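In the two assemblies presented below, chain A is common to both, partnered first by chain B and then by chain C.
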Partner chain A sequence: MTILQALKHRASLNADIRFQKMTLSGLEVELTGLSSLIDFNASLLHIQQQVHQDTNTGLPLESVIGNLGPIVAEPTEHQLMSSMLAGHLILWFERIDAYVLVAPVSRPLSRTIEPPTTENVLRGSISAFVEDIDTNIGLIRKHVASPSLHVHSYLLGTIQKKRIVLLCNDNVVDVRLRDAIVAMLEKNKEMNIQNLQQLSTALGFSKWSLVTKFNTSELPQEAETALSKGKVVLFMDRMPFAIILPSLMWDMFAVENDRSFPVIFMYAIRFLRVFGVLINILIPGLYVALVSVNPDVLRIELALTIAKSRIDVPYPSLVETLLLLVILELILEASIRLPKSIGPTLTMVGGIILGQAVVSAKLVSNLLIIILAATTIANSAVVGFQNSVTIRLFKYLLVVLSAIYGVMGLLAGLFLVCSYMAGVTSFGIPYMHLMKPRGEPNG
Partner chain B sequence: MGSRSFKLRWIAVCLSMLLTIPAGGCWDNKDINHRSLPIVMGIAKRDGIYKVVLQVPEPTEGTTDLRVIEGKGTTINDIVDKISTNMESQIDLLHLKLILFEDEFAKEGLGDVIESFMRAHDISAKVMVAICDEPLESFFKNINTFHKNNGTVLLSFFEKNAGWNPQVAESSVWEVFRSMNSYTHDVSIPIIRSGTGTVIESRGSAIIGSGRMVGNLTPGETLIVNAFKGSSAQGKIEVMKNATVEIISSATVHRHTMKNGIPYLKSKIRLKVTLLETKGSPSQENIRHEVSKLLQSRYDSIIGKMKATRADILATGQYFRSNLTRDQLEHWREDYLPRLNCEVEFVTVIQNTGLLRDS
Partner chain C sequence: MVKTWQVANLYILTHIGVIFFLYPDNMIQAMEVSHWIGILTGFLLHIIVVWSYIKGLSLFDRRNVVDIFLDAGKWIAFLLLAPVFVYLLAVIVISIRSYGEMITIIFLSSTPLWATMLLTAILAAFLAMQGIEAILRTGLLLLVLCMPPTLFVLFSSFQHVDWHYLLPLFEGGAFQWSFVYNRSFLMGLLAVGGSFVFLGFVQPEVAFNQRYIRYASFLLLPLYGIAVYVPLLTFGHSTASRLMFPFIFVTDIVEVNWLMFERTSLFFTMSMIAFVLLFISLMLWNAAYLVQKVITVRTWSIVWAIAFVLFVICVSIDDWEQLEKLIWWNTFLRLYVMFVIPGVTLTLGLLYKRKGGAAYG
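This part shows the complex of A and B:
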């Protein structure tokens, strides 16, 4: 009685805890659960029907109770509360003082399966993951109907439990990778995980990594490819995307959807992405280097045209470039924040009005506008927003080095970026690695 | 512990990157619009005093104006420095494309100037050189009336993908420098003057022997020099008594022997030509013969000039480097070149007779 009373006391703090008395085949029962998670009426009906059926077949009382759900062995208030938060319905049999956890009829609190919102599919499956973790696993099961697909579930956290599910194809998975991830998850059972940063800490990644350690995708198709290549897919409850480990450089350029096109176009598209990344990283730096430090590299005609476009521009090219780059970053950031209906307005103001005005106000040269437009467009050619952020950052390193050392600095910067990327590993797999299914010869 | 050393490493990397900033001297970098980029430099020497004329394109709104700046002094660098001091922007000679020497100066000898260019390296070694056979002042005054194409007309004249013709010699500073220092290799450089209808009038080319202008070649002879050196003689229209042909391609093969201290050089230049114009109806054999004869006579005249001026512009000495000792090579120009026995055979193939069928 004391536990239920304590729970009742809690009810005064939480309006959605509901208590209901009822009689089940002559037994006084009190039900309690969160009305925000449980459809009470449907659940009651369901329980009554089951008990009615069981008593009619002449089962003893213990079996009837046992059929409803597991009996809590040593109930504590804390334990019952967390069961309740997990969405269980608790039945208290007054006469025998037993608490039974019943799987109720839940309220539908998830989206239905919809097309992806952050990725686009041209030819391929367009259903995307949703917040509900079981739906996501189901989607994967639909795509990989293989007995070797294994699903391991982990509950992490002390105060707030978070369910994390690990999927891997045991036939091809990199065993060391899988074991390392499992070990990290087991080790950090106590950690509260609400976001990818915390997950990254739980998996033992450095906080200061400049490249993303998780490749994320909303598409079951992508997750399927990752699994078949021997990667590990994680699902986090209420995260509508698959977290693919490890994230490798090639993920920046290739998506499974490319394979819906003839192979020549596939390579052409991927080459275009590589080219886009190079443009994005190199061009702003190249502009600064050529304008300030090494104009001698330019053809004289081009040198004169650039000089012409920079007449009356008060700032050195570094300041000019950084100024406009920051404005572009702001436009990018703002268009993520804005509701979809206002987005186009911002693009217009940012792109057309600001771009035109900044040139006619002689703050920057119009060549720079062209260069930054190319940069921004190229920035989006990369697969996955998480990768484009990395590239956006590296660009600044190159701009600064170019301002100091010119073309030589640009090259040195590129070398730095390459050597950094070559040095990144996750669970012993280098970032530059091309993932192959286990057993397949490398290279 | 691991993360601590990692952090330390990062701090060390960041610090060392910060240290590179003072090492770069980036505060001395001047943006392109604060640099003057002269594209033509004219040099004359009168009474021991150099005169330098710089042609600087000045980008302004809409068009490009050409500014001509003059200076006098005892050394080239001194003059450029003086001009730079007086200019509102810094003079950056790295974009210089053409150096013009007044012919009097070229006859006197370009040695010191070319050497200083190579030494200081503030002028690219690839800059074209040419000789101007009129006073620099009037030359620059005349060409300044043609400044429509943002001031690059003069270089277009020498550029292979623009206005260059095989009758125009091409030489750069480093080639003149090589001529000054090599025993067996001289150059020819174009002679120009301002034109009336066109910007420039080509006047053939100058024979530079050991850094001095010692003679000159006609445009027709220059063509042979270019063909001999293997640069394409494409597009040249050859006027003869009976026909005009266009040379489509040329290929050269040389054979050399040394007998009793006399160098022999046999050359074969294959020309593919197409017929453009005929007077009457000469036979193909006739045309072939005439082309060969014409070119042969030009070739002989070049060899004659080479022997007279002791300047090996065809670099024939290069072929005998393996036959001579270094001491002998030193005297190539004086001892061997005058005795050089040269034979050339022009093989002309009339590749097609134009759009009319030859009857």
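This part shows the complex of A and C:
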């Protein structure tokens, strides 16, 4: 049984494997490929044209075949199958029993370049990365037209091969960082990687890290800045964003797009984000601390107002706060899941709950509503969803500690968060490090 | 890696942490008038000690005291550093216990003392187990977060000051320096010679430029001055000497109309506690480092072990008088740490330099 016959046998399991016989300058040829990946008609036309041209110029047969693509040296069924899955068209020349891999005209299976869907740009380039890895690299090449930009490609996995591409600007890149990442990728060649969690395992990060180890961005502009700061950018096939390593604390507050504004506004905006993070972490805890443990530190008028708003609320402030925080988290989560057409319903229902109803029912105080609304708004001021998740979590630590120790607990929580962040490193680069274009280490 | 700014920052912050609690009370108790002489004496002692220490260190090429002493001989190093270890442990116990007491007085009157101390111990150990670089970086974060409220309170604390209390500037007795034998003055040296030892431990992982540490030490003088003089100028000596935490009391009575909080002392004490936590974790790390030189264990295990033992000791201290006794005993160890360790370091450094010179000459 020839390999082709074995493949034909497989075709009964895969309806999209297609076989086609044809004659190329007098030679019997059989073509095989996945019709779901390849535009057969266009590919055939292309091959015929090329062969016709080559024969007309009088090239010998070997060269004509060689011009079509690489000849598979020792073909096996498995090897041909994986080439087919990778999107190649296989030509079998019956007379000389040779298999040739041809780069076909593929079906357009990727989006065209569109504006970003999870990040907004006010003044700046609005084209975003797509699922196709080569388009993404192309976008970066357009942004960084520099000979020192190097692209390294890796194929990871045994069952399902995944292409991962590493980009760095060799003039400025932190060499230790690049070498460490390359070493990890080489070491874990066998690992199957389908998501960021698996990638994080492959790169040797701890599973239990609370801060994100990857900064991700849909914007070529951000990736460009990261490269110029000496960071490393990874692309994973079918992931429409750049994975930037290392992720640093300052990434939470700064985006490159800020630089489209005058310097003063840039600093003001960034300060606002820092302030937003502080509000988000501190305020729910502060409410719990002030209401249940330390009402004495407030001005008497304010303490009375708060107490008045809590008359009739039947449970301690910790339960009250946690209850409403959980509802808020649910709304956030649900609005990601829902299709856009039903989304407004959620907003409306959520608005009713968090509006007057929950207060009139004496379930929570109206001060808490204000505080939680402020928290949620502040939470969204952070750059990058992956960072806002971290902050959402830290908030609960502070709420619980505040319920036990009052304002002291608030401080304790803040101290814990600070010391945790100060202790996090990835590939020897501390989370608090500030990466400058010239690579000056500080912070 | 050279991290001069981080080291200088940690040096300042840990001092701020200890200056504003016990030190004002000690200094006010130690002298009747002309406190500035006492403050200046303390500050000069500090300068001499720290400068000779870092001078001695700089003569060696980025090495820490432990290695330097080990070169002189195993047993010499052991004998020299064993008291330092005991001193560090005692300082941690004193800090955890006294700040626990203070937190109880100011914020948590109904929370049991052990719970507060447990929290302090856990926080300090959590930071200490992550190593010196994490401590240095936490110092930076705390600088950003806690310095603005601290400065605000420091400035606003002058609100009720009556400058007449400054007088008399020169009272005959002060210049006989009899106060240096005063028990309170010696106890007040906690703020003078409390945390500088760490400078000798951070190398070679973290290097610093000694010149900037010297500059930084000048920043401490106004802080010593404010800590003692603001309560004095607000209340006068006879009232201030009756208060347990005079400076905190001053910040308690500062009135700021537009602030939604009743007392500014809230921010101040919170910032101070943050700095003290930094101080405790630094001392804990120092102690763990010394243990690691004798037996090889993982940092986190030794840090948590020390923290647990010290927490038990803290709980077993019954009252403030016992604590004062401990502070007093520890004063002798502190004098040892302040004078012997820098002295030996400088001497060894000079010897090393001379030998090196002879070898190359």
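Just so we're on the same page, the second predicted complex is superposed on the first by the 431 of 443 C-alpha atoms of A that agree within 3 Å, B and C clash if a C-alpha of one lies under 4 Å from a C-alpha of the other, contacts with A are read in each partner's own complex, and residues count from 1 in each chain.
The criterion applied here is as follows: a contact is a pair of C-beta atoms (placed from the backbone, for glycine too) under 8 Å apart; a residue touches a chain by one contact, two chains touch by 3 or more.
Treat the numbers as computed from the prediction; the structure is a model and nothing was measured.
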item: Partner chain in contact with A:Met432 - chain B first, chain C second, else both or neither; value: second
item: Chain B versus chain C as contact partner of A:Tyr405, first or second or both or neither; value: both
item: Which superposed partner A:Phe415 touches (first chain B, second chain C, both, neither); value: second
item: Contacts of A:Glu114 with chain B and chain C, given as first, second, both or neither; value: neither
item: First (chain B), second (chain C), both or neither touched by A:Ile300; value: both
item: Chain B versus chain C as contact partner of A:Gly423, first or second or both or neither; value: second
item: Footprint overlap on chain A, where chain B in one structure and chain C in the other make contact; value: 293, 296, 300, 404-406, 409
item: Complex interface listing, chain C residues touching chain A; value: 1, 5, 103, 107-108, 111, 115-116, 119, 123, 126-127, 130-131, 133-138, 140-142, 145, 259-263, 266, 270, 273-274, 277, 281
item: Footprint of chain A on chain B - complex, ascending; value: 3, 6, 10, 20-21, 24, 26, 29-33, 35, 37, 39, 57, 59-61, 64, 92, 94-95, 97, 124, 150-152, 155
item: Contact set on chain A toward chain C in their complex; value: 278, 293-294, 296-300, 302, 404-412, 414-416, 418-419, 421-423, 430, 432, 441-443
item: Chain A - residues contacting chain B, complex; value: 206, 208, 290-293, 295-296, 300-301, 303-308, 310-311, 313, 316-317, 403-406, 409
